[in-house]
Structures are given as C-alpha cells and as structure tokens.
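You will see subunit A twice below: alongside subunit B first, and alongside subunit C after that.
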Partner chain A sequence: MSILGNRVLRREDPKFLTVGGTYVGDLELPGALHVVFVRSPLAHGVIRSIDTDEARAAPGVVGVFTNADLGAGPMTPMGMVNQSMVRPLLAEGRVRYVGEPVAAVLAETHAAGVDAAELVAVDYEPLPVVVDPVTAAETGAPILFDDVGTNIAFELNFGEDPSFFDGCDVVVRQRILNQRVAPCPLEVRSAVAEMVDGRLRFHASTQAPHDVRSTLARYLGMEESAVHVVSPDVGGGFGAKGGVYAEEVVVAALARNLNRPVRWTETRSESMLGFGHGRAQMQDVAIGATSDGKIQAYRLNVLQDCGAYPDMGAVLPFLTRLMAPGVYAIPKVECSSRSVVTNTVPVTAYRGAGRPEATAAIERAIDCLAAELRLDPAEVRRRNYIATDAFPVTTAVGTEYDTGDYAMALERALEVAGYEELRAEQARRRSAVAPDLSSEGAGGGLAPRSKQLGIGLSSYVEITAPMGGGEFGAVEVKPDGKVVVRTGTSPHGQGHATAWSMLVADAMGVSLEDIEVVHGDTDVVPRGGGTMGSRSLQLGGVAVSQAAVEVVDRGRQLAADLLEAAPDDVVLDKTMGRFHVAGTPSISRTWAELGAASLDRDGQALQAEVDFEAPGPTFPFGTHVSVVEVDLDTGQVELVRHISVDDAGRVLNPLLFGGQVHGGIAQGAAQALFEEFRYDADGNPLTANLADYSFVSAAELPSYEWTYTETPTGKNALGVKGIGEAGTIGSTPAVQNAVCDALSHLGVRHVDMPATPVRVWEAVSAASSSVPAAAAAARSEPANATNGGA
Partner chain B sequence: MKVEVRINGRSVAAEVEPRMLLVQFIREVAGLKGTNIGCDTTSCGACTVLLDGQSVKSCTMLAAQADGLDVMTIEGLAPDAGDGSAPGATALLHPVQRAFHEHHGLQCGFCTPGMVMAVTSLIAEAEPGSLDEAAVRVGLEGNLCRCTGYHNIVEAALAAAREAGVAAGATE
Partner chain C sequence: MIPAPFEYARAASLEEALSFLAEHGDEAKLLAGGHSLLPLMKLRLATPGVLVDIGRIEELQYVRDEGEAVAIGALTTHHDLSRNPLLRRQLPVVAHVAGQIGDPQVRHRGTIGGSLAHGDAASDLPAVVLALGGTLVALGPKGRREIPASEFHNGFLETALEPDEVLVEVRLGKSGGTGWGFEKLTKRAQDWAIVAAVAVQREDAPGGVGVGLVNMASVPIRAASVEAALADGASVAEAAELADADSDPGADINASVEYRRHVAKVLVRRALERALAGPAGGDGAAGAAGAAGGAGAASEGGSS
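Let's turn to the complex of A and B:
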C-alpha cells in the first residue's frame, strides 16, 4: 500500500522540539565582527554629510562604512520596471524612507556596534514627503528619483473600452483598500559571511539560496563559483525572504573587503522598517451584470504602492492581473495597473504576492453586486462559476486554468457551514429588538443581541508556480542502503524532508528513516529555484519523485546484471526494499547491495538527477465561509467560525496540507481584521514593532473547520498542485465579506481592511444616523489609505 | 558583575555586563541556542523559559535578576531525548513535546521552544478540568506564531492537557 496520501508525522520535528533549530543567528563563528546599521530617521531627505570620525574612534569599532566604501551594488529593479530607479546598498545623497540604511558600523561586539552607531552624525536636509500612493501618482507630487521625473515605476495598461459595460443592467463600483501589512516571520533577517579559501561563504535566512548566490555574485562583481550560500533552518519567510536585501549584500561585501568573518542579525524593530512589506494596493473595481446576476464585464484598476524602491512589489499587479477574473466565467475583463514609489518601506512578496489581492477584489465585487441585486451571495457565485466541464479554460485575461470544480467546493463548504441555518440565525438577530442598554451599569456586559452575525463567502482559484521554471531533484543510494535526496527547494517550515521522503519511500520501497533530504547548500545542490509561489511540490517534489523512479530503473538494471536475468524479469519488492526475479523472491539484491555494487563496478554512485520542467502552472481552488459576530455598540468583530474547503489536486500528506491552510487562514484573517502597517503623513512609521503592530494571536482566532477535495492536475505525473498560499487567498475576502455582510442590513456596503473597531463603529454610526448617507459614505473613498485604522 | 544561574540543572556562572538580558545569558553564556529571540518588545514569547517553574519571557528580565534561580529551557524538558535524532527519541519526549509532534503544532520551529515552554507552564498551573480551548487560547496570547495559525498548537495543548488531567471535561 502506498504511503502517499497518508497523515505522516514530520521527521523535522524532534530537533525543533528538543534543542531547537539551527538558525543563522545560532551559528558559532569565532572572531566574527558584528554589523550594526545606521538608519535614516527621515522619510525623505538629502544627505548633506556623514561624519563617522567619532564612531570610528569608539571602543571596539573596526570600521564605519558608507556606500562609496563598499565597492558593490547598486541594486537594479526587475526587468519590467523603470531601470533608473536603482538602489544603492547604503543611501547615497538621499534617503527615501525611515529605516533606510545609511552607514554600517563594524564592531567586535554587537553592543559596541550599537553604541558606535549612535555616534555617526548624518546631516539631513528634509524634503517633501509622499506616503499616499494616490498622491504619489499625481502631477506635482514630491518626486523620489529626480532624474526619472515621475514616481511611476511600472504600468500595465490594457486600455479602457468605452462600450465595456454596454448591455449590463447594473454596474457596481467600489474602491477597495488592500492595505500594507508586515510579513513578520518569527525569525528576522540574519546573515553570516566569511571568506574561505578565497571563496565567499554566506549563511542566509532565505527561501532561495541559489538566487542569493547569483545575486551576491552580481552585486559584488564575483564569479558565481566563488560564492557558496548555505541556508540552515529558516524561521519562516512568507515570500519576503524570497529575494536579497541590501543589508545582506553589505554584510557580504564587508566580509570580502576586510577578509574577516562578519555577522548581522537585525532587531525586530529594525525588521519592521527593513524587511519588505506586503500587499499595499488601492483597487477600483467595476462589475457589470444582467439583472439576474450574470456577470458581463469586470474592470480592475490597481494602484500599487512600491515603497521607496521598486522591488517585487512593483510587479505584484502583473500577478494580480493573471487572476483578476477569479473563478468566474466573465466575457470581458479589463485590468490596468500603475505602480508608484512612495517614501515608505519597499513592498515585496507576501504570502500570495498579488494573487490574494486579485481574489480580494473580485470577491468583494461579487458581494457588492449581490447586495445591489438583493441576491444571495452564494447564488450569484453559482450563476457565474466557470463550468466544471469547461476545463482547461482560458480566461478573458489569457490565463489557462488546468482543472477545477468550483461549484462542488462551494456546495461542500456551505454544507459544512450549515449555511441555511446561519442565515436563519442572522435573520433572528436582525429582527430582535435592540436591548435597552441604559439599564446596564458602566462596564457592564453588553447584551448578546447587539451582536450581529455576518456570513462571508470567498471562492478562490490561485496560480501556483506562477513564474514557471523547473526544479532540480536527485536521489542517491549509498552503499549502506541509506538514500540521500537533494532538492532545489528550500523549505522553511513546509516539511519537505517528510514529504520528499514519502515520495522516495513510495517509489523505492525504503523506510523513511533511511532517507536523508539535503537542501539549502549551493555547493551540494547545484541548482534550485527555492520555495516560493507554492511551487515546491509541483516542481521540486515531482523532480525528486522522478529521480527516485529513475533510480529504481537503474537499480533494476544493475540487479538484473547481478542476478543474471533480463531486466524485464526483475521486480522491486517494495515491502522489503529489494529486487528479485519474478517468482523467485528468495534470491534478491537489496538497495545497500546495489549501492555498493554500483560503486564497485564503475566507481559511479547509484543515483539519478532530474531537472523537471512543468508544462505550466497549476490552479488550486476552494471556497471559504467565514462567520463573524459584530458588536454594533463597540465595533468589535469576532471571528467565530472559519470553514474552508480546499482542493490542491492529489494530496501527498494531509497533515502538511492542513498546516499550510491553517497558517494561511490566520494570516488572511489577520489582514482582514487586525493588521496594518501605518504611517503618518510625514512618513513616520506608527507600527514599527510588535507592540504596536497588531500581529494576530491565538486569542483572536477560532479553530478552523477545514476539509479538502482532490481534483488532480495533468501538469505533472503526481497530479499535485501547490497549497502554500491558498489559505491566505481564500480566507482574507471571506472574513472581510463576513464583516460587510453583518452590517449590510444597516445600509453599509463596504468596510475596508482591517475591520478595526473604530472603522466598523464609524460605519455603523453613519448607518444609524442615516441609512442612505451610510450607503453613500461606503461608496466614497475610504479614509486616508495609510491612516485609516484605530 | 557576577551572575550564577542554574540552567537545566547545571550551574552557569559568569562575569557579565549589567545590561545583559536573561535570554542573552542563556544563548551566549550558557550556549543554549534553543531559546530564540523574535522581537524586542516582549511581545512574541519566542524566548519563553521556566524560571523557578513559572513561564517568563527571558528577554523581559536581566540576567542579574535570575541570579541564584533555576531556569529550564527547551533543552531541559526531556534531556534523555537528546537532540531528537536517535532512533526512538520521540518516545522519550516530554508529553507536551510529543503532543506538538503528533498534532503538527510546529512548522518553521522558531516559536516552538517558547511555545512548548508556555504550554508546559499553562498545564502545570491549571486546575484539574479547567483547560478548555478558550483558556488555552487566552493562555497563549503572549506567544506568537506565524506559521500554524495556532490551530494545531491549540490541539496539541489540549491533548497534552488531557494527558495531564487538566483539560476541561477530561475524564482521565
């Protein structure tokens, strides 16, 4: 019986549970110097001078460096983006956001470095600041890059067809804020660099060690072969550890330039101002339909805030556009975008990277349409799903979906949720007479009848491994029968050691304990794309699986030689892990014997290396149902239930699948209800540590009601799709829709994320004073995008 | 100044700067890297250890304040299990560690040592029959996790609470 599809406990766990992981900050590096960065306190300003003399003279200080000292960089934007918006590794001439590194102090201890950093005197001349992306896009806005002359870094313009909504009975428009959030993996950024035998060895907390290798080589002007990157245990990434940060290049440059070991671990408060932020889109949706709710046309205009330097964030709208129509068969779709720089932390990938934004927009639009037509949101979805027999299907934006069964996921989710009963309970609460609170003493408990029920739906489809490409996988049988797997993926919590072992065990008939999975070392694994975009299983897992199958073929050939039989007559007994001639199991060759024989015979290990190239991305899907209670008196929202039905093709290990979905749900709910990285108008961050930033905790979340279905893809032999980001993509709009749904009977149509008590209370208050006024308010632009929360 | 702390039953003494935090003492002086630092505002709980049996965020206090006291870190919870790599090591795990393993209560592992110590403390301090899901969730409010969405951490905590006889409705 195959192990695939079973709930197999993680092989990674015992170490983490007993002595903890080995993260970059845990590495011992005797004699290493500590880097401490001097960071800009200003959002925008000219650097008149940097005086490092006093810092250099401070005790324990080895050196103080500015950009000109490094001989490395600058960092250039991605191909599609305005190439003039380059980033010096350390600010040169101008600072563009609070937290931008300006100088680097190198000291014998971290404490000495911190003390000396205080002594670096930077003379700034403040410049006008632009924080709001709407303003940044306008003529006359403060310009971040004078020589560019505009803040626009990247545009996708597919034109506006004036007859776009012709034939629609109703067109609903809504401006939606998909706010800036902080990814916040528990492990902050950290790096260790040293020169070893003339090569740079760089330990990185990254999702993509091979990309770190090539990027460091490029910015340092070194050969790739002279750079060795190792990624030990990584304490979460969520997309934001997918690239290389300026600070990391600086650490590498200092180690090379001084030929001394160098280390750096930022503080959380630094991380909130240096680690990339996520989302940060302002969306204008317009959806046109017939009176019976059949969608005819959908337009999405995205204003993307890139932050001060266009990083991955600049091209998020490209991914948003790919998935703009979601699960719906919409004849006409237009999606335009404009990415602008602002005086804020650069925006990068965050769990879903552009696709959650697409789903959030269309799923809010569907609910707005349902409200306008006074139709049940579930029914509007049913009437517009891409038909199950239509796959593969190419949407109006040109994305080809592989497989799906969207109606099935909806009906299953509604059934688990008890949708009809929930609607009945909602109606009961709405019709209940509001209690007289005047009799309550101050601080007395609020009557439960003031809590309205909201039910939110979200049907999602997502694109996994959206950037294409392939992945490396290798399987080698050692002479002692142990199997070593090398993978180009770079797990940081996903459980690849367990999952890849299952694939190999299934193909080869070896026990999990005899399999070692190696990743994250560029000298051991020759190439790899890393772990991001939910790509790992469908590319890396498939590569490992194929390599195992090839090893079985080679093992069979070798066993046939040793048994003096024809290969076709030799079978692999997977229960015993050995080959024998069919019908005569008593004479066999074990994997250990074959591993040794291969080396003995021709000096070659019994192994296979595979570079798997997928014919295309895959499209997992599902439906989430969220149930919230909203206290009309306080604006407090409580997420009381969250149901999700997720389909990512064939399931390798439901334990890992569920874990990925759970984490995604929490991050989605966190964005919908709590988290927002905020700035004041001068570009001062207001949420720059974990005391001020509303990182979601266990106390604010329920347990999730998760189930899954399996609709295989044909894009790989395993039939698997990605699942790393789907939870976030599905949950975020479900929770937001639930909040809006709870208030819909009051005339509130839309509440922006995060649905903080203040924001909800204001919506309710406006509705209470005048239902039409509240509806009008909901249609107008939301409060200042960067200043809307509590 | 001289500070001496018993960590996992072993006495560790050193001359340290007065500003040294307990978590730095544990990591840098005692060399125990299982206890992690996830923030600088005592918000995340990654550095949670037991101090004389009670959970404390070891970044909230100075090493000097722990002078003469007993600290237990993740490494001390099930010393016989070693680093967990030996065959059969999982059978030697502390019940809370085992529950985290069996319920997939960890992913990247960074919050895990602190989370396990917090759950251990929560269970040790609970009255019989008192720990339900809500109590566990409130009890873990000071320990942040970004990977698991807390679902399986809560499952693990409740399973360990049942084993310890402090779960609400537990009959054992």
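Let's turn to the complex of A and C:
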C-alpha cells in the first residue's frame, strides 16, 4: 500500500517543538559587526547633506557608510518595468518613503549601533508627498523620479471597446480597494555575511537562496561562483522573502569591503517599514449580463500601487490579468492596468501575489450583479461556471486552464455549510423585531437588535507555478543505505522534508527515517527556483519523485549485474527495500549493498539528478463559504463559520495540505476584516507596529470546516497542483462578501476591506440615511437600493 | 527598539523606593510592570535618567478586606486581580475588567498602580475606579495622602501624583459593584478598547449607579450626565443618550469622533442594562474573567 495520500506527521516538528529551529539571527559568528540603518523620517525629500562625524566618533562604532561608500548596486527593476526607476542601496540625493535606509552604521554591538545611528545628522528638504495611487497617476502629481517625468512604472493597456457592454440587460460597476497589507512573518529579515577563502558566504532568511546568490553577485559585481548562500530555518516569508532587499546587499557589501563578518537582524518596527508590503490595488470592475444572470462582458481596470520603488509589486497586475475571469465562462473580458510609484514602502509578492486580487474583484462583481438582479449569489455562480466538460479551456484573456469542476466544489461547500438553513436563519433575523435585553428599552434608537447574519461565497481558480519553469531534484543512496534528497525548493514551513521523503519512500521502499532532505545551500544544491507561487510540489516534488524513479532503475540495473540476472527479471520489494529476481526473494540486494557496490565499482554514487520542466502551470480551484454576524449598532463583525472545499489535484498528504489551507484562510480572513497598512497624507505610517496593525490572532477566528476534493492535472506525473496560496485566495472574498451580504437588506452594496467596526457602521449609517423610510422599517425590507447600474 | 542609556536601581522596600526618588528627583521614574513605560522607552519617547524598579516590593501586592472598603496594593497585577476570591465576591467588576486587559503576558506584568499612575485614557481600570468612586493613596516625603479618583487624572498622561510620591493603594467602597456591566469594543481580543463603558450599581450614588468611560477624552472619565439623568428618573435608554455629553473623544486609526460618540451611547446602554438587570442576571459572571473572549465586543456583567 502506498504511503502517498496519507496523513503522515511532519518530520520537521520534533525539532521545532523541542530544541527549536536555527534562524539566521541565531547563528553564532564571533567578532561579527552589527549593522544598524539610519532610516528616513520623511516620505519624500531631498537629502541636502549627511553628517556622519559624530556617529563615527561614538563608542563602539567601526564605520558609518553612505551609498557612495558601498561600491555596489544600484538595484534595477524587473524587465517589463520602467528601467529608469533604479534604487540606490542607500538613499542618494532623495528619500522616497518613511523608513528608507539612508546610512549604515557598523558597530561592535547592536546597542552601540542604535545609539550612534541617532547621531547621524541628515539634512532633508521636504518635497510634496503622494501616497494615494489615484493621485499619483494624475498629471500634476508630485513626481518621485524627476528624470522619468511620470509615476507610471508599468502599464498593460489593451484598450477599451466602446461597444463592450452592448447587448447586456444590466451593467454593474464598482470601485474596490484591495488594500495594502504587511506580510508579518514571525521571523523578520536577517542576514549574516562573511568572507571565507575569498568567497562571500551569506546566510539569508529567504525563500529563494539561488536567486539571492545571483542577485548578490550582480549587485556586488562578483562572480556567481564566488557567492555561497545558505538559508537555515526560515520563519515564514509569504512571498515577501522571495527577492533580495537593499539592506541585505548592504550587509554583503560591507562584509566584502571590510573583510569582516557582518550581521543584521531588523526589529519588528523596522520590518513594518522595510519588508515589502502586499496587495495595494485599486480596482474598477464593470460586469454586464443578461437579465437572467448570464455574464456577457467583464472589465477590470487595475491601479497598482508599487510603493516608492517598483519591485515585484509593479508586475502583480500581470498575474491579476491572467486570472481576471476567474471560474466563469465570460465571452468578453478586458483587463488593463497601470502601476504607479508612491511615497510608501515598496510593494512585493504576498501570498497569492496578484491572483487573490483577481479573485476578489470578480467575486465581488458577481455578488454585486446578484444583488442588482435580486438573484441568489449561488445561482448566479452556477449559471456562469466554465462547464466541467470544457477543459482544457482557454479563457478570454488567453490563460489555459488544465482541469476543474467548479460546480461540484460549490455544491459540496453549500452542502457542508447548510446553505438553505443559513438563508432561512438570515431571513428570520432580518424580519424579527429584535429582542431587547432590557424591559425599558423599547423605543429609542439604541436597542440592541439581534445580530444580522451574512453568508458569503467565493468560487476561485488560481494559477500555481505561474512563472512556469522547472526545478532541480536529486536522490542519492549512501553505502549505509541512507538516502539523501537534494531539492531546489526552499521550504519555510511547508513541510517539504516530510513530503519529499514520502515520495522517495514510496518509489524506493525505504523508510522515512532513512531519508534526509537537504535544501537551502547553494554549494550543495546546484540550482533551484525556491519556494513561492505554490510551485514546490508540482515542480520540486515531481523532480524528486522522478529522481527516485531513476534511482530505482539504476538500482535495478546494478542489482541485475550483481545477481547475474536480466534487469527485467529483477523486482524491487518495497516492503523490504531490496531487489531480487522475481520468484527468488531469498537472494537479494539491499539499498545499502547497492549504494556501496556502486561506489566500489566505479567510484560513482548511486544517484540521479533531475531537472523537471513542467509543460505549464496548473489551476487549483474551490469554493469557500463564510458566515459572519454583524452587530448593526457597533459595526462589529464576527466571523462565526468558514467552510472551504479546495481542490489542488492529487493530495500527497492531507495534513500538510490542511496546514496550508488553514494558515491561508487566517491570512485571507485577516485581510477582509482586520489588516490594512495605512499612511497619513504626509506619508507617515499609521500602523507601524503590531499594536496598531491588526495582525490577526487565533482569538478572532473560528475553527474552520475544510474539506478537499481531488481532480488531478495532466501537467505532471503525480497529478498534483499547488495549495500554498489557495486558502488565502478563496477566503478573502468569501468573508468580504459575507459582510456585504449581512447588510444588503439595508441597501448597502459594498464595504471595502478591512471591514472594521467604524467602516461597517459608516456604511450602515450612510445607507439608512439615504433610504427615506424610517431606519427601523428599512431594516426589515428586502434590498431596494441600487447603485452603479448601467 | 533599544532604550536610551539609563541607570537602574531596584528598591527592596517601599522605604527604599522613596529614598531613591528623593535622591534622584526629576531624573527618576518608577518602574512597576513596565508594560506602559518600557514601550515608550524603547521608542525613545521616554528617556528617564534613573529607573527605580518597585516591581518586586511584595508589601504592595495585596487585596484586603478592610470592613467598609477593599484595599488593593498598587503593585497587584491584573492577573492577580482577576483571580482574587475577595474581589470576585465583593467587587466582581474589578476582577472581570482586569481579566480583559491585553493578553496574558500583559496581565501577568501590568499592575493596577501602574495603570492608574500612567493615566492613559484608553486604560480600563481607571474608568472602573472612577465609576466605583474609589480613593487613591499616595505616599511621599510629606507623608500619606488620599486622593479621590475623580481628582486624580488631570490631563493627558498627567496625574495628581508628585514626582517624589508613590501610589501605594487603591481603596474601593464595598457598596459598589454588586450589579455591574462592562462593554469593551476592540478590534481584536488583545487590543486596547476603541471605547469601553462600565456601569456599576452604587448605594452611595444619587442615581444608584456609577458610569465610567474608556477612551472618550484625554483622561479616563465618568459619564456624569448619565448618572445625573438616572437620578432624575430618566430611563436607561434616555440616560444612555447622554453618554457622550461629558466627553471629548479624539479620532485615530480605529475610530472617528462621531463613531466614538455613537458607540459610547450603545455601550453605556448595554452596560447599564446589564448592571440593572434582575438578580438572575449574571451569576458567576466574574468567573469568566481571565477567559478572554473572542474578537470584538467583550461584554459581561452581573448582579447579586
């Protein structure tokens, strides 16, 4: 019986639960100097001068450096983006966001560095600030890069067809904010750099060590072979540790320039102002349909806030566009975008990176359409899904979906949720004259009404391993029978040691304990794409699995030689982990014997290296149902249930699968209800710590009701798709839709995220003051307000 | 996140604390649980020259039955308040509110004295002490003096304490808090209140209730107009409409002024309804103290 598909406990956990992990900040490095960055207190300004004299003279200070001292950088944007928007490693001439590093203090202790950093005197001349991307895109806005002359960093303009909505009975429009969030991994950024035998050794808290190697080499002007990157345990990344930060290049440059070990671990407060932010899209949707709810045309215009320097954030709309129509068969789809720079923290990839934004837009649009047509949102979805027998299917934006069964996921989720009963309960609460706690409370506007129920749906499809490509995997049998797996993926919580071991154990008939999974060291693993975009299993896992199969073939050859039999007659007994001639199990060769024999014979290890190239990305899907209670008097929302049905092809290990979904739902729900990184008009961050930034905790979340279905893909031999981001993608719109649904009978059509108490209360107040009937009466009537109609 | 350099002196006794204060004058700052002071120091918003640590002075950690009043030592932690049997019997509102502060870590370090002396309008216990009409006891070189809670907070993070005084005790009359209601609106379970309201039955108050408000002005306040309206025979609903009459709330990332004014009325009304509910109302309500509720509006109350 195969181990695949079983709930195998995580091999990683005993260490984490007992002695703990080893993170970059834990590494012992005698004599290492500490870097402390001087950061801009201004969102936009000219640097008139930087006076470092006093700081240099402070006790324990080894040096104070500005950009010109580094001999490294600048950082250039990705290919498609305006190439003139370059970023010096330390601000030079101008600062563009609060928190931008301006100078680096190198000191014997962290505390000495902090004290000295206060002594660096930077003379700034303030410039007009632009925080709002809508303003930034307008002519006359403050310009961040004078020589560029515009704030637009990247544009995807496919034009607008003036007859786009012809033939539609109804067109619904809505502006939707997909707000800026902070990824907040438990482990903040950290780097350790030292020169070892003329090579740079760089310990990074990263999702992609090989990318760190090539990026450092490029910005430092070194050969790639002269850079060795090691990624020990990593405490979360969520996409924002997928690239290289300016601070990390500075740490490496200082270690190289001074030939001394250098280290840096940021504080949480620094992290909130330096670690990349996510999402940050302003979306204008317009959806046109016939009166029976068949969607004819869908337009999504995206305004992407890149922050001060165009990083990965600039190209998120590219991914949004790929998934714009979601799970629906829509004949006409238009999706254009502009990405603009603003005086804020640069935006980067964050769990889903562009795809959650696509799902959020279309799923809100569907609910707005359902409200306009007074149809059940579930019914509107049913009428528009891509048919199960249509796959593979190419959507109107040219994306080819592999496999899917969207209606099945919906029906399953509705059944688990008890959708009909929920709707009945909602109707009861809407019509009930709410019980009043007090005997004297009748009349007056403040009687606590029963909480209103909201039910939100979200049917999603997403693209995993969206950037295509392949992955490296290797399997080697040691003479003691142990199996060493090397992978180009870079797990930081996902459980690859467990998952890859299962694949190898299944193919080779070795026990999990005898398998070691090695990753995150560029001297040991020659190449790799890292872990992001839900790519790992479908690329890295498949590569490892293929390598194991090849090793079995080689083992069979070798065993055949040793047993003097034809390879075709030799079988692998997976229960025992040894080869024998069919029918003669008593004469056999174990993996240990074969590992040793291979070395003896020609000095070659018994191993296989595979570079798996996938023929294309895969498309996981599912439906989430969210149930919220909204206190109309305070605007408080409570998430009371969350049901998810996710399908990511074959499931290798339901425990790992569930772990990904679980955390994903938490982050997705958090965006809908709590999290938003905010600035004031002067570009001062308002949520720069975890007291002000409402990072979600377990106390705010219910136990989820999650389940999965399996619709395999043909894009790889395992039939697997990615599950790393699906939970986030599916949950956010479900929760947001639930909030809007709870208020729909009051005439509220849309509430932007996060649905904080004040925002919900304001939406309710605005609706009740715009509806002429008495508030009390309006509250028990069905929805009658429309906005944004054709 | 590293404070500016400072000197540190740990006081083994109240006497020693007073002499450190006398010695260092304005340079000195008392350190109790550190959960308000240390964050300010780490941000370098507070840069005291000398920290006088009183956190381990055991003689200031107690809850005592003194006949007419319950006396609470200034260094009693929120956690200890929430679990104290005497409070849970006599003044369950104090135990309950203490159990809703921050998270377990905050409750194990933070003290009632620190909470009052810091004087943050967003703190919960000062409003409770106000609603109960408590008395604060300070000790300084000139001796011991009693300050009515209503005269203690006199400006943003300002109190009636002199720099050389230590707050040693909080005294609460037993007539308060038999029937009580506490409504705390937060974004997340662990957060400070956006607004909170506390209502307590008090035999010694004209309207029979005391009402306190959290985060509705630059200092913790009493909703005096609500109390007066009830004394004049107004209904709970009518009185609650006056919840913001004595307030001067600010706007911040969590709320607008209008929202605070509105929600104060909602919360005061709910708190009053709880406090005045019949005897069946909230048996064992204080038993929920410490078991932090979910997100949002934690509300609890009872009467006996």
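Going forward, the second predicted complex is superposed on the first by the 755 of 790 C-alpha atoms of A that agree within 3 Å, B and C clash if a C-alpha of one lies under 4 Å from a C-alpha of the other, contacts with A are read in each partner's own complex, and residues count from 1 in each chain.
The rule is simple: a residue touches a chain if its C-beta (ideal position, glycine included) is under 8 Å from a C-beta of that chain, and two chains touch if they have at least 3 such contacts.
No experiment lies behind these values; they were computed from the predicted model shown.
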Taking the superposition as given, does A:687 touch the first partner, subunit B, the second, subunit C, both, or neither? second
May I ask you to decide whether A:387 touches subunit B, subunit C, both, or neither, giving the answer as first, second, both or neither? neither
On the A-aligned overlay, A:678 touches which partner chain: subunit B = first, subunit C = second, or both, or neither? second
Who does A:576 touch here: subunit B (first), subunit C (second), both, or neither? neither
I'd like to know which partner A:115 touches here: subunit B for first, subunit C for second, both or neither. second
Once the shared chain is lined up, is A:757 touching subunit B (first), subunit C (second), both, or neither of them? second
Could you figure out whether subunit B or subunit C reaches more residues of subunit A? B
Which partner chains sit in contact with A:662 here, subunit B, subunit C, both or neither? Use first/second/both/neither. first
Which holds for A:19: it touches subunit B only (first), subunit C only (second), both, or neither? first
In the superposed arrangement, which partner chain does A:29 touch: subunit B (first), subunit C (second), both, or neither? neither
Output the subunit A positions appearing in both contact lists, the one against subunit B and the one against subunit C. 111, 267-269, 691, 697, 699
Residue ranges of subunit A touching subunit B (in the complex, touch as defined): 9-10, 12-23, 25-26, 111, 183-188, 233-236, 238, 267-269, 492-495, 513, 655-656, 658-659, 662-667, 689-691, 695, 697-699, 701, 703-704, 727
Going by the contact rule set out above, which residues of subunit C touch subunit A in the complex? 1-2, 4-5, 43-44, 185, 187-192, 194, 235-238, 240-241, 253-256, 259, 262-263, 265-267, 269-270, 273-274, 276-277, 292-297
Where on subunit B is subunit A touching in the complex? 17, 19, 27, 33-44, 46, 74-75, 77-78, 81-85, 87, 89-90, 93, 97, 100-102, 104, 106-113, 116, 133, 136-138, 140-155
Mind pulling up the subunit A residues that touch subunit C in the complex? 110-111, 114-115, 118, 267-269, 437-438, 440-441, 443-444, 446-448, 631, 633-639, 674, 678, 686-687, 691-692, 694, 696-697, 699-700, 756-758, 761-762
